[in-house]
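In the two assemblies presented below, subunit A is common to both, partnered first by subunit B and then by subunit C.
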Partner chain A sequence: MQHDMSPSHADKNHGSLKSYTIGFVFSILLTIIPITVVMSGWLAGKASAIILMVTAVLQLVVQLIFFMHLREEKKPRYNLLTLILGLIILLVIVIGSMWIMMYNMVAL
Partner chain B sequence: MWERVKTFASEFFVTGDPLIYGADVSIVITILGIVIGLTYFNKWGWLWREWLTTVDHKKIGIMYILAAFIMLFRGGVDALLMRAQLAAPEMNLLPPDHYNQIFTTHGVIMILFMAMPFMFGLFNVMVPLQIGARDVAYPFLNALSFWLFFSGAMLFNLSFVIGGSPDAGWLAYPPYSGIMHNPGVGQDFYIWGIQISGIGSLMTGINFIVTILKMRAPGMKLMKMPMFPWSVLSSCIAIIFSFPILTATLALLFLDRYAGAHFFTLDGGGNPMMYINLIWMWGHPEVYIIVLPAFGIFSEIVSTFAKKKLFGYKSMVYAMMIISILSFLVWAHHFFTMGSGADVNAFFALTTMLIAIPTGVKVFNWLFTMFRGKITFETPMLWTMGFIPCFIVGGLTGVLLSVAPADFQFHNSYFLVAHFHQVIIGGVVFGYFAGLYYWWPKLFGFKLNERIGKWAFWFWNIGFYLCFMPQYALGLMGMTRRVVTYGWDKGWWEMNLVSTIGAGLMGIAFLFQVWQIVYSVKHLRKDETGDPWNGRTLEWSIPSPAPVYNFATLPHVTSQDEWWEEKQRRLQGHPAPAPVKIEPIHMPKNSGIPIVMSMFWFFTGFGFIFDWLWLAIPGLVGVAACMLVHSFNYDTDYYIPVEEIKRTESAIRGVTS
Partner chain C sequence: MAQLHDSGLTGHQVSHTEHHDHPDMEEMRTFGFWIYLMTDVIIFGTLFAVYIVLQGNTNGGPGPKDLFQMGGIIASTFILLTSSYTSGLAVLAMHKGNKKALLGWLGATVLLGATFIIMEINEFTHLVHEGATISTSAFLSAFFTLVGTHGLHVLLGLVWMIALMMQIAKRGITPVTKRKVNVISLFWHFLDVVWIFVFTIVYLMGVS
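Let's look at the complex of A and B:
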């Protein structure tokens, strides 16, 4: 058995019923909030945009912690490293595009 | 009724061009030939069991490479047609709209459906063998990646006989690729062909990162890994971060075209420049994705044929990792002329020039590896020798292009065309050829004929320089990229003629390669050693072709060039390590789901292209059904019993051990 084909069998400690329930409740909440904000029209313009973005980021965090088990990873923490690199590249994309496009408001 | 069928057919199929009718006929004949051949020799079952449903990385790799060769042929014919049209002034071989389609399909096919699958093929055939693994981390996903690529590629190629080809260049800049200027289905073929194969590319990236990080043989620390897997790792890192950008960008373009969104339109608050900005965030990493593995291949070959350890192993590793990250910071050099201002241009000019540093480090490493080595010049080494000067010139012209103010002159001229062909043919294509020649004996158990190989090499090289050196000059003389023809008064025709002759030589070189393969199969001289080049890394320690399970017992690695060191130890009289007890080997089972699921993706794509929801929706349902079926399939693996391993081993190793 030691020549296991799949590397994912190595770490078996995947969460508990409690952590899954908490994660599920959080992610449902974080879905309902933006929907109600948009559908009911409580907030408009910038305020609603901010709420949408904040809930989206929180949703990402919830998914990573409760379902992707980011905290339970053993060393070397490749998943965490990849995530950080991904975030850096995301920042490059967003900030870089804004910087480049600032001079290019031809369509406005 | 008949009338309606006729009007439908005349819009559905591409009509009116004798070249295309000729192609139609040859496609139908080829398909009929294959179907009849398979039926006559009763090979359908064999094809299905051994190839179409395989999850064996070696077979998947071979299928990738075969597909890449077919695509190289198609892209090559496109290229020769373009060069024929440009051979002399005021030619009328191709009408302008047809010319636009041809340069578009040429570019897309060569990068996405030739270079990428060729690269994935080499990843597949060699990475597990080099790191002492029995397969990739996710064999099922690997098969799915291949079939998704294949569906995407076939979908794209179909545009040429059904519906009409895309014609907005290989990166499909809006507004021209938008629905307003391009109402036909060509651009939709482009979007769906690339999207479907793009999912496959992303999954391959993930698969090989995990394979390399988690499945190395015991004792193989990262810093003892051969250089090719390192290059694969760096290339895959760039893949997993850049392909999502491509997918998102094309999805936005699709929404513009399909759902009337305004991301990149000129009206409704959109901005076509944003597309250019986004697509190059993938596009630049992409060119490094394809060239990094070539660097890895050259490193292996140089050290094998100079019979020396690679010079500066660590600096090579760092150089590749730096390149793969830095390649995300240079994208704006593709649109210096867009007018983003001096600060932006200065920043991106600088980062671009910085990339030349790690690239230069690598060139010196190869040269120092060769220095005082006992070099022999078999074909893999020959390609490496062809690559080094070619890539240096290509890199230098790249640095010229990266000088932002000067780029206002060079941009989108034939100078640019010459630059990227020089790095892509001289770097990527030469590299993959070198890799294929080098590893061919491992894949098939015999060497390719050296004499014909040398002819192919010289034809490729001479053809290359004849074709592209004049283009630098033409660019400086004002010839712009993508022109369909030019006048006698320009003074461009002599050099264009030379360029066309060079392209013809490369076409002949390709024929030499096909002949070389056919000849070597006919006059097959089996390589019994499994190590025909006196190699240094683990793939040469097992018989060729490798058995399904690759390694009967997993090797224990203690040094960087493990197999070379082992051979030295044996020469010095140390006994070969005592045979380890053979144990049952755990292997993945074949599956038909990847090919079926990819077929459903094909229907989905085709349905969206023609806006036939009756086809697209069942297609998507089929995709979902395949996923569901696979998630409930627990019968995915099996054990090869010890008896069978012993039998296989003694059969292939014969009397030698």
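Let's look at the complex of A and C:
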């Protein structure tokens, strides 16, 4: 449609078939890896938990970049800023709850 | 005043892409939806925190290892991943101005999403038949709340997407329907991300 406009606008928030397909392949791979780790029982305990969390976070990054086009945002990057704020609140809630409820228990 | 008015008019006649300082209303609305998504992040974060804290409290009842049947869960994970991709293809078709392909990909997304929901309902009824209800233990209360909240979001997204398809069929691809497609695809990718964390933290970590 607007491909002859200035480059910064030509592909604003669009992506291409290629970028969507790359993202899809990545997300499939990042799902197969944790499934194999758990189902085959290669790694136990902490090592497996770390691999599971790392692949899940990478999956989030893949979706943000390839599907939600976070990287192609225009200059005042309000989307990125609100995302960072949301993630900070998320981490405070989750890690704070875990810390207080699981590692700080008094008497029990 | 007259001058201001004049520039305002020409501003609307010239295509939006040439106006850098002029905030586009539809873009603002998309950003507003993004802020809503961030509040949804906080809702799910809270439910995840509750689940993580309570997952060990099974009250003598069944735990994750006794309950989860991974075959169906893995299948529904791939179904939702694929639907995230097809909703992206719908956005691509929209930017190419291809209404038929847009409706087709949205339809494919709805079908995949509906399959996901049906599988989830099957899983829940199966659990309830096994005696694992929301009131059995703290673990199951947290489980049903977290997974059920995600399922409700998907269900709402389906209703919304079908309504949007009818609107596009009627009005075609306009700046307003464009923004709506962009917004719902953001919603859909977001639900996919939430499911990845449900799948990882609840199911995979539950059975490993």
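Here is the rule we go by: the second predicted complex is superposed on the first by the 85 of 108 C-alpha atoms of A that agree within 3 Å, B and C clash if a C-alpha of one lies under 4 Å from a C-alpha of the other, contacts with A are read in each partner's own complex, and residues count from 1 in each chain.
We take it that a contact is a pair of C-beta atoms (placed from the backbone, for glycine too) under 8 Å apart; a residue touches a chain by one contact, two chains touch by 3 or more.
Quick caveat, the model's predicted, so the values are computed rather than measured.
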- Query: When the two structures are overlaid on chain A, which partner does A:49 contact: first (subunit B), second (subunit C), both, or neither?
  - Reply: second
- Which partner does A:16 reach: the first (subunit B), the second (subunit C), both, or neither? second
- Message: A:86 in the overlay: touching subunit B, subunit C, both, or neither? Say first, second, both or neither.
- Response: both
- Using the touch definition from the top, say if A:103 reaches subunit B (first), subunit C (second), both or neither. first
- Task: Between subunit B and subunit C, pick out the one touching the greater number of residues of subunit A.
- Result: C
- Query: Does subunit B (first) or subunit C (second) touch A:78, or do both, or does neither?
  - Reply: both
- Determine where on subunit A the residues touched by subunit B overlap those touched by subunit C, and list them. 1, 5, 78, 82, 85-86, 89, 93, 96-97, 101-102
- The subunit A residues in contact with subunit B across the complex are 1, 3-7, 10, 78, 82, 85-86, 89, 92-93, 96-97, 99-108
- Touch list for subunit C against partner subunit A, complex: 15, 17-18, 31, 34-35, 37-39, 41-42, 45-46, 48-50, 52-53, 70, 74, 77-78, 81-82, 84-85, 88-89, 91-92, 95-97, 182, 185-186, 189-190, 192-193, 196-197, 199-201, 204-205, 207-208
- Note on the structure: In the complex, subunit B touches subunit A at residues 134-135, 137-139, 210, 213-215, 237, 240-241, 245, 266-267, 269-274, 277-278, 281, 325, 328-329, 331-332, 338-341, 344, 554, 583, 585-588, 637
- Note on the structure: In the complex, the residues of subunit A that touch subunit C are 1-2, 5, 9, 13-17, 20-21, 23-24, 27-28, 31, 34-35, 37-39, 41, 44, 48-49, 52-53, 55-56, 59-60, 63-64, 67-68, 78-79, 82-83, 85-87, 89-90, 93-94, 96-98, 101-102
